[in-house]
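Once you scroll down, you'll see the structures, which are given as structure tokens.
Both of the next two complexes hold subunit A, though its partner changes from subunit B to subunit C.
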Partner chain A sequence: MIVSERKPLAEIRRMIAPYQRLLTLGCGTCATVCGAGGEREVSFLNSALRVAQAKSGNETHTLSEYTVKRQCDLEFLDPLVEKVGDIDAILALSCGIGMQVIAERFPDMPVLPGVNTSFMGAVDEYGVWDERCAACGDCRLEETGGICPITRCTKGILNGPCAGTKDGKCEVSKDMDCGWILIYKRLEGLGQLEKMRRYYPPRNFRTIPRPKRIISQANIDTGEDND
Partner chain B sequence: MTNSLFEEKLQSDEFLVTTEIGPPKGTDNSEMVEHIDLLKDKVDAINITDHQSSVMRFPSIGGCLLVKEHGGEPILQITCRDRNRLAIQAELLLAYSRGIGNVLCLTGDSIDVGDHKEAKPVFDLDSVQLLRMIRTMESGTDIGGNELKGAPKFCLGASVHPEADFIEPQLIKFDKKIAAGAQFFQTQSIFDLDSFRRFIQYAAQFDVKILAGIIVLASARMAQFMNNNVPGIMVPQAIIDELSSVEKGKVLQKGIEIAVRLIKTIKEENLCHGIHIMAVGRERIVPDILEAAELVRVSPK
Partner chain C sequence: MYSAVTDNTQQNQGNRTKKSSTDHSLMPPCQATCPLHMDIREYVDLVAQGKIMEALQVIRDDNPFPSICAYVCDYPCEDTCRRCQVDKPVAIRMLKRFAVEFGGDRMIQVKAETTHRERVAIVGSGPAGLSVAYYLRKLGYPVTVFEADSKPGGMLRVGIPEYRLPPKIIDTEIQRLIQMGVEIKVNTRVVSLDRLFDMGYQAVFVAIGAHQGRKLRIPGADLDDTWTAVSFLRNARLKQKGNIGEKVVVLGGGNVAFDCARTARRSGAKEMHIACLEPRDEMLADAPEIEQAEEEGIVIHPSRTFTRIIDKDGHVAGVECLKLRSMEFDKEGKLHLDIIEGSEHSLAADTVIFAIGQCPDLNLFSGLSGLEVTKQGTIVIDQATLSTHHPGIFAGGDVVTGTASVTQALATGREAAFRINDYLQHRYPLAGKEAEENPLGDLFPETVETIRKTERLEPSILPTEARVKSFEAVELVYDWEAATEEARRCLHCGTGAEILFQDKCATCLACLRVCPYHVPYLDDSGTIQIPADQCQACGICVAECPAKAIVLRKPYGRQQISEELDHIVKAAAQLNLKPLIIGFCCQYGLSGTGTLASLRRGAKAGIWIVPVLCAAKVEAEQLLYAFEMGAEGVFVAGCGEQCARENIAFWVRQHVEKVRKTLAQIGLEPERLEAFNLSATDEEPVKALNSFTEKIGELCFASVITQEVKR
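Now for the complex of A and B:
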């Protein structure tokens, strides 16, 4: 899932200052699961903003709230059409993708990021998420025993551990596992250490086309969308 | 043809001595030049470190040019942390054109251990890929497959950690560095000769030269600090205790004594092809170490 983290309240208050009527908009998918922008967080945030506003005494924002199933998908945004007439800005608690789809769908509506989109990851334990993939576009998990060297090694290197690893941890922190030690152990367990002995050439960092675009393979195969 | 005098020495049976000098943080090179003049005739080659521990400094190539100007034999250190493949290739072209013949190929420490923690970590390549890229350039094309007008040629070195607490993955990387073209290794600092002997037994199957990394510890606190903060250094408790056992003012002397003891054993047992002395900021004491270890050159080259 895409993991985000709520921005500090003070930053959000600075952002919303120019706008009178705000819709705090949650996302029912990743942002809900990672506890940054689901229905509950939308309502918490609005309460916090109201309390802060009452304390400050000189702000008069009107705050409404709504949560769509998925902000990154146009088909779930129709219910917003009737709401945008009564507001001056959307405070979006979705990942940056969701925010941009909202901005494209409502060209006249300012969209403010209420969260920082941080990484793609998985839950470690309740309330803790760990980065697991950087969408490098060339997945090599087959070669590395299902452990991503790009995100789980601080340097994202491909040919084995650096010399800094100690006690199975990364040179930058005693709290972080060294990705390459994990990979070694896993490949050893699988009887596939020869995969680590192979040489892996430099990564392809080509950024063009940017933004990247994927055209459905199924459509290419049937000749649709393939002009 | 390489510009490397060091490469010829690698092929001899001489016990080789290299050392390293850290460039200044700033434009004042006077101390680095003093260190170069002090050491250039006493060792077989001088590494100039490349933003060691990710701390921004005067560049390795700048120091290497000074070593050349002053009549010494430089080893250019290149890490993959700060430059992408274009910048590294360009630097190699410059190095070769200015007579620098040796390159130590390193991945580089994490940005996070240094003094610019918010900088973008590059790591476009790793050490193994860097070695291969240089060998590709030597064959006449850049890493993009484009022809070079004039190809460089280098004597290539790399690093290895013989005392890593989990050695197997390090040995796999060591093998890959050799396959990629490393001719010599300057090891991470060694203390425990038993594990070093085991490593040497393993390394004997390859046609590469090993220079044992010898770090000079100036205090027990420095040793503790390095254990906690400097990647790839593991000072055993026994050495820390030994440093703590002497009175203040004599600790550096003790550190030198420990270094000399290691060097002498390595030389007497003929464990490897030479040593690489890392005095970390105390380059001035390197001649004393060489003297105490009876490694003084009778006639400078």
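Now for the complex of A and C:
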């Protein structure tokens, strides 16, 4: 699933500033599942924007809301046809794909991203998502026991573990599992440890910090969250 | 689509006790078992909120004489209450008694107008007859009740002892019926039903009960000092001094036997014994009845059979008994006794009472053709129309069923009134109106494990010494605190979550992950299901579902809160009081009754309360919406320590934290939003609230949220 996260309010307010009438548009699929752009978040965001505008006292946006089943397919956007006449811009709470489909469907309509499309991942526990795939386009999971070294090893190395592994954790953070130890254990379980002993030639990757994690729920016990 | 604050259009604005169009709740087993199908869940919930008058209103909607049921109903509802699976049933009958007494049932007047010309005669003024009279009057018929005794009430008056049902309770109900225009002719035994038709009555309801006591066919059973239970109790209640001796032995092990023994105790007997066939743990009487009787000094002799009443010079001298190893009824209902050889013994007695059942006395009606009677002496009726084979003659209550129960008689009476109405209006009987719905199934063991166990609170009873001295009522009524506490034990069966908008569900599994009771599950086709009979209606998933696809079957949650919030915002705008502080406060338990009101009075600023049924049902959007509508400060107050659930505080704080974070992003002080536990003993609520309002006052001074909101 594509995981996204709502943009900071200040950024959204800056984006919408030039437009008077806005439609906040939710997506009923991935964005709903990850809690960033479903019907609930759409009305929460609009409410937050209204409070903000009441506070500032000099903004006069009109905010409406709607949620389609999926923004990344043109057909689902049909109900918007009659709405776009009354608005100046769409504030989309969907992944970048959805936003681009909207832009394509309504060439004259500015589309503003209300969320950051963060990664492709899976849920760890309620409200916690972990990155699982980098969409590298050359999947090697067969060799690594079904565990992706690109996303789950902080350094994304293909021949791990590196010297920074300690007690199964990564040197970058004590709380982070070493992806390559996970791979080792899994291969051990499968009786395929010989796969660890092979050399995998390097590939060209962008160097981006990984894995990412989003915690949307406030963690009451530890006070830990993304901010 | 569906939105947090505008989806209240179809909400029933009026009387909240009436079912609204959004109420999809399913019938809980308590209601299904109650012969009157009373909306127990609803009135128990209203008691839990301290809304006693409203609770009484709900009770009165389905019960003509709630004060009588409050004392003597045999409460089959408690046997099927789903709390039994967790710990002990909700004390339904005593909660009704609380509502009836504290809600002022005595003062209620029921109006009835005559809109029909057809007159109806009712024979017998027991609960069945009085119930028909009540409902026929409400339907607009002139009715006359004929009663052979000197006072109306039937078994209520001459059977059930005063210490279980004070006569003033019956008097109040009779008075109410007379005010409604019911004519009651006492000292009038009907001997011919045909005569009633001659007198111009167009329909007759026969409710003469079962007053013919039975005796065992053993030698000595007809001696002078032997009684049947009904005649003994009748004498006691009508204060006709019978010859109650000093040593009384009651034969039989049901509630009536205990009524006899305990009445004998109060009438001056020195020794009271109860002897019965059943072994001790299979006795038919209710457990509290047995316990209280033993406290009063009544000795129980279980597992006995009786061979003879000992005759000494024409007087009773004792009962000859044999001990039983076991007893059993076979498939045909025939009794088999396994007698212990050589166990002959006798119980000394000068009075013996047979409490082994009673049957109707139909000999009274001579010369009426067409009335079919069973072997047991009960009248045969058509189950759908409640009519006998004689057109225009209906029957119900004990005369049809044999000795049953008061509530059963009331229910038959209500049903009969509708069937008589059908008959008189030449309508095809609209039977099945009260047909059973499918009651909810049992809780799964996994669900049971997750439900917090709470102790059943029993109201106190009169101390033994006080009760044996007089016929004063034994059971006392709850006080306010105990009643609201006990009422909170109800599991709200059948009001839980429902995925109302399946097409919106993204199958995100949030509901499955957050449910504290592990109720939602994925079915084989990958669709999320929330089984109605397991859901505990906590509303947590409703507030979490990102697609807003879930609603509660009873509109306790989002809709109700949004509606109240809108209402308050409007009212506050009119008064234009500043700063506006909105508090979402749990209505359950004491916080719903006293604390809240005193808080509002005690606190310094103008605080507006949105009543909620559990603080966890307040969604983050609603907190934010309060700010949007001009609140300078918002707080959520749970009921604290006495909460019936475990995870509420956690979810309240989740919602609060989410909004606080947003406030900070807007540049507003997060302290404008606060969560309190109102009734936590270590917190001083007024003080906490005052310091909150002071803080808001200060913040407000520094920066006011502009209230002109454009939408």
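Note that in this section the second predicted complex is superposed on the first by the 203 of 227 C-alpha atoms of A that agree within 3 Å, B and C clash if a C-alpha of one lies under 4 Å from a C-alpha of the other, contacts with A are read in each partner's own complex, and residues count from 1 in each chain.
Basically, contacts are C-beta pairs under 8 Å (C-beta built on N, C-alpha and C of every residue); 3 or more make two chains touch, one makes a residue touch a chain.
Keep in mind the model is a prediction, meaning the values are calculated, not measured.
In the superposition on chain A, the chain among subunit B and subunit C reaching more residues of subunit A is C.
Of the two partner chains, subunit C is the only one that A:Tyr126 touches; subunit B does not reach it. Shared-chain residue A:Pro202: touches subunit B; no touch with subunit C. By the touch criterion stated above, A:Phe44 is placed in contact with subunit C alone, subunit B being left untouched. In the superposition on chain A, contact is made by A:Gly160 with subunit B only, not with subunit C.
Once chain A of one complex is fitted onto chain A of the other, the partner contacts of A:Ala10 are limited to subunit C, with no touch recorded for subunit B. Once chain A of one complex is fitted onto chain A of the other, the partner contacts of A:Thr62 are limited to subunit C, with no touch recorded for subunit B.
Looking at the shared chain after the overlay, A:Val33 reaches subunit C, while subunit B stays out of its contact range.
In the superposition on the C-alpha atoms of chain A, no part of subunit A is touched by subunit B in one complex and by subunit C in the other. On subunit B, the positions that touch subunit A within their shared complex are 81, 85, 107-110, 112-113, 121, 123-129, 132-133, 143, 159-161, 164-166, 168-170, 172-173, 175-176, 179-180, 188, 231-232, 234. Contact residues on subunit A toward subunit B in their complex (touch as defined above): 154-168, 170-173, 180-181, 184, 193, 196-197, 199-203, 205.
Residues 1-5, 503-504, 506-510, 513-514, 545-548, 619-621, 624-625, 627-628, 630, 650, 653-654, 657-658, 661-663, 665-668, 703, 705-711 of subunit C touch subunit A in their complex. Considering their complex, residues 8-10, 28-29, 32-35, 38-41, 43-44, 47-48, 50-57, 60-63, 65-67, 69, 123, 125-126, 217-218, 220, 227 of subunit A touch subunit C.
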